[in-house]
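Per-chain numbering from 1; labels A, B and C assigned in written order.
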C-alpha cells in the first residue's frame, strides 16, 4: 500500500518534471536557434579568410586572431569599452539610486511621477539621438545657449569635438535613456524589503544613512547583482547610439569594441577578422561574467537565490 | 501543449509570409535602390516612375529608398541573399565593392548609346571605367565650391580671396562676435573626405596613386594641404568634428558661418533663412605655385545588377526615359542645384532651368557648373582606376588624417605619414 | 523654517529636478517642432514658440509613409509582445514551479543570452534569415526582438511565480484541473501584474529597436518607425523642423499608450517586489 503511494508520487513527480522540461523547451529552442547557431557560424567564420560578406574564404587557422591581436586598434578599443561600461555603470547606478530614493519618499503626485520617470526608456534610440545631437549642437542648441547666457562658458562647446567630451556626452546620453528602467527595478526591490525592519531601526535610533547602509542596500543585493550583470552585458554591447552619433569618432575616441567590429566587417571588408575580434570580445565578456558571478553572487540559505 | 500552440502559430505565420510574394506577375518588374532619402527627392523619382509605368504597360518599375549609412552593409548582404535590386545607384568608390561579388553587369553598349544620343561630359564615364569596361551608367555630377555670405564680406571689406594667404586672413577677419570665419568639417565621413581632398587638389596633391598603383599620398603637397586645413580649422565652429553636410548648410544659412566648402544646396539654404542676394559662391582659393587647381566632383551612376536579359532591357528602357531632356531636368531637380547635368542635352534641358529655385539662384548655379568642369575625385585621377580606392574611401582615411591634425593636434607631416601607413594597411 | 518644512522643500526640489531631467527634452522637442524653420536654428532660441506652425507635421505626413511605419511598428511590437509573453510565462512556470533536474543552472544561463552582442549576431542572423526567405519581413524582426526581450522577461516573472503558494496549485489539482487549467486559471491571474509588466517590456524593446530593423528590412512598405525616421534624417541636408516633427510623431503613440497602461508596468513591477 505504502509502496503504491510512493510509486504514485514518484510518477507524479516525474510527470511534473517532464512538464517542466516541455514548458521551458520552446524558449530554449528559440534562443538556441537565434543565438547559439549564429555564434557557431561566427566562430567558423573567424577561421576563414573572408573579406566582403558573401565572398568565400580559405581556412587560415589562427591568422585572423593574430592580426587582430597585433593590430593597433584592438587594445585601445577594449580599453574604450571598459571606460564605456564603467562610465555607464557608475552614472546609471548613481542616477537610479537617487531617483529611486526620491520616488520612495512620500509626496503628492508620486504615483504619476513613478509612472513617467520611465519616459526616456520608451523612446526609440533614433529619437534620442536626434534630440540630443540637436540640443548639444551649436546652431540653436539649447544647452550651449543656456550655458552661454548663464555665463558658465564664454564660447560654444563642441560636445562631440574632443575625445573626452564625446565619450562623456555619449555616456550621459545613454545613461539618460537607461537609468529610468534601473530606477523602477531598484524601486521594486525596495518594495520587497520588509517595512518592519525600518520601523525597528527607527526605534533603535538609526540615522537615515545607517538605515540605507544596513537595510536598504543588503535588501537590494539580489536585484543589484542581476542588474549589474545584465546591465553590464547590455551596455558593453551597445552599438547604435555610438554609431549614430559619432560613428566611433572623433579620431576613434569612441570606437568601442562593437563599433570596431562593425568597422572591420563592413568598412574594412574583413569579415573573418571581424569575427575573430567578436569572438575575442565574447571571451572577455564571458570571463568577466564568470568572475562577476563568482565574487558577487548573493549567497543565501535560499537555494534559489544562490548563483553558485 | 502550449509549445505545440506556439509552434503552430509560428508555422502559420511563416506560411503567410511565404505566400505573400506569390502574386501573379505578367509584367517585367524592376526594383531600383537609391540613397536619395529626403522626401521630396523620393516623391520626384516616384512621379517619373509613375509616368514611365503608365507609358510602358509591360514594365513595372518600383523604388526602395536606402541610406548611404548602411548600404555598404546591406547591398553586399542582399547580393548574397539573392534579393539584390535590379538597378543600384552608386558613387565611383562603391562600385568596386559590388563588383568583387561578381554582381555588376558590363554596360559598355548602353553607355555608348546614351553618349551618342545625349552626349556625356568628359568627367562622366572615366570613374566607372576599369579593366577595359564600363560598370555603371553615369547619372549626374556633383561639385563643391566655396559658399559665403556676401553681407559678411562687404561688412568686413573683404574681396573674394584667390590665394591661400588671402583666404586665411579673410577667415580670421570674419571670425568674432559669435560668428565663425569658415566652417571646416573634421568628422570621419565622406563630407570631410571631400573637403580634405579639396585642400589637396589646390595644394597640387590630386594624385593619391603613382601610375603603377603604388601610393604617393605622403608627399610635401599633401602635408602642405593638411597643414593649411588644420590652420583654417581654428576659425571653424567647435562642433565641426561632428559635422556632416547638413550642419555646414545650417551654419551658413543661419549666419553662424561666413563661408563653407560645400555642394550647391539651394533648397536648404532657402529653408535655413538665407537670402539669394546674399549668397555668394566662388572657386576654392589656390596655394601659391599650383598650376592645376580644381574641386572635388562626384559622378553618381546606376549599376545594373540583374543578369536577366529581359530585366536588363527593361532597366535600360527606364534609363532611356530618364535621359530624355525634359524628364532629365525634372530628375536632376529632385534636389535643385545639388545634382548637375552630366549630358549635353540635359544641360540644355528646359525643365532643368525652369525650376523656381534654379531661376532664383541661376547666377550661383552657373558659377558652380562652370567650376565643376575642373572636378576630380581622389583615386580616380591620372587616367587610371585602382579598385583598392574603395577600401581607402570606405574607411574615410582622408578624414581620419584630417582628424589627426584637427582633433589630436598632430603635426601635418606626421599625420600624413600615419595616413599613408593606414592606407597601405587598408589595401594590403 | 522648521526642520520638517525644510525637509519637505528639499523633497519637492529633488522631485522637480528629477522630473525636469526626464521631461525637459520632450518639452523641447514638441515646442520646437511647432516653430518656423529659421526659429529652430536661431542663435537665441525662445523657450516658447513665438508663432506656431503645423507645417513640419504636414510635411511629415505628406512626404513620408508615416501611417505605414506606424502600422508596421504596431504589428511587430504586438506580435513580439504576444510571443514573448507566451514563451516567457511558460518557461517561467517550468523554471520556478516545476522541479526538473538542471533548472537552476538553466535559469541562470538564460540571462547569459545577453553575453553576445547584437551587432555580432547581425551577420549570421542575416544569412540564416535569408536562407529561410524571411528577410524583409516582419517575421524576421519579431524573431529577433523576442530573442532580446524573452530572457529578461523570464527573470522579471520570477518574483511573481515564486511567491504563489504551492497549496493553491495542489488544491486546484485535487479539484481535477489539469496543468494547463491550473496555469491559466490559477497561476497566471495571480502573477498578472508581472505578466503585464513583461508584456510592456517586450513591447517597448521591440518598439525602440533600430539596428536589426535597419538591416533586415529592405523595402519601404515594411519599415518600422525608427527606421522610417532615420530615413528622413538624410546625410546631405538637415531639416530640423521635419526631424523634430518626426521625433515627436514617433514618440507620441508610445506616450499615449503609456498614458493608458503605463501605470500597470510600474505598478506591476512594484507589487511584485522584484527579487533576483
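Everything below uses one rule, namely that contacts are C-beta pairs under 8 Å (C-beta built on N, C-alpha and C of every residue); 3 or more make two chains touch, one makes a residue touch a chain.
Just so you know, these numbers come straight off a predicted model, no measurement behind them.
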item: Chain contact graph, described as a line, ring, star, complete graph or other shape; value: complete
item: Centroid-based (C-alpha) most distant chain relative to chain C; value: B
item: Interchain centroid distance [CA atoms averaged], chain B/chain C, Å; value: 37
item: Chain centre separation in whole Å, for chain C relative to chain A (CA means); value: 16
item: Set of chain B residues in contact with two or more other chains; value: 2-3, 6, 73, 77, 80, 189, 247, 250, 254, 256
item: Residues within chain A bordering two or more other chains; value: 22-23, 26, 53, 139-140, 265
item: Junction residues of chain C, two or more chains touched; value: 41-43, 87, 90, 123, 127, 230, 233, 240
item: Complex contact set, residues of chain B against chain C; value: 1-3, 5-6, 9-10, 13-14, 17-18, 20, 37-40, 42-43, 64-70, 73-74, 77-78, 80-83, 178, 189-191, 244-247, 249-250, 253-256, 263, 265, 267-268, 271-273, 335, 338
item: Chain A residues within the chain B interface of the complex; value: 22-23, 25-26, 51-55, 133, 136-140, 155-163, 166, 245-253, 263, 265-269
item: Residue numbers on chain C that touch chain B, as the complex places them; value: 37-38, 41-43, 59, 62-64, 79, 83, 86-87, 90, 123, 126-127, 130, 132-139, 142, 180, 214-215, 218-220, 230-240, 242
item: Touching residues (chain side chain B, partner chain A) in the complex; value: 2-3, 6-7, 72-73, 76-77, 79-80, 97, 100-101, 186-189, 237-242, 247, 250-251, 254, 256, 391, 394-396, 400, 403-404, 407-408, 426
item: Chain A - residues contacting chain C, complex; value: 13, 16-24, 26-28, 30-31, 34-35, 37-39, 41-42, 45, 53, 98-99, 102-103, 105, 107, 109, 111, 113-127, 130-132, 134-135, 139-140, 142, 145, 176, 180, 184-185, 187-189, 191-192, 221-223, 225-226, 229-230, 233-234, 236-237, 239-240, 244, 258, 261-262, 265, 271, 275, 278, 281-282, 285-286, 289, 293, 298, 303-305, 307
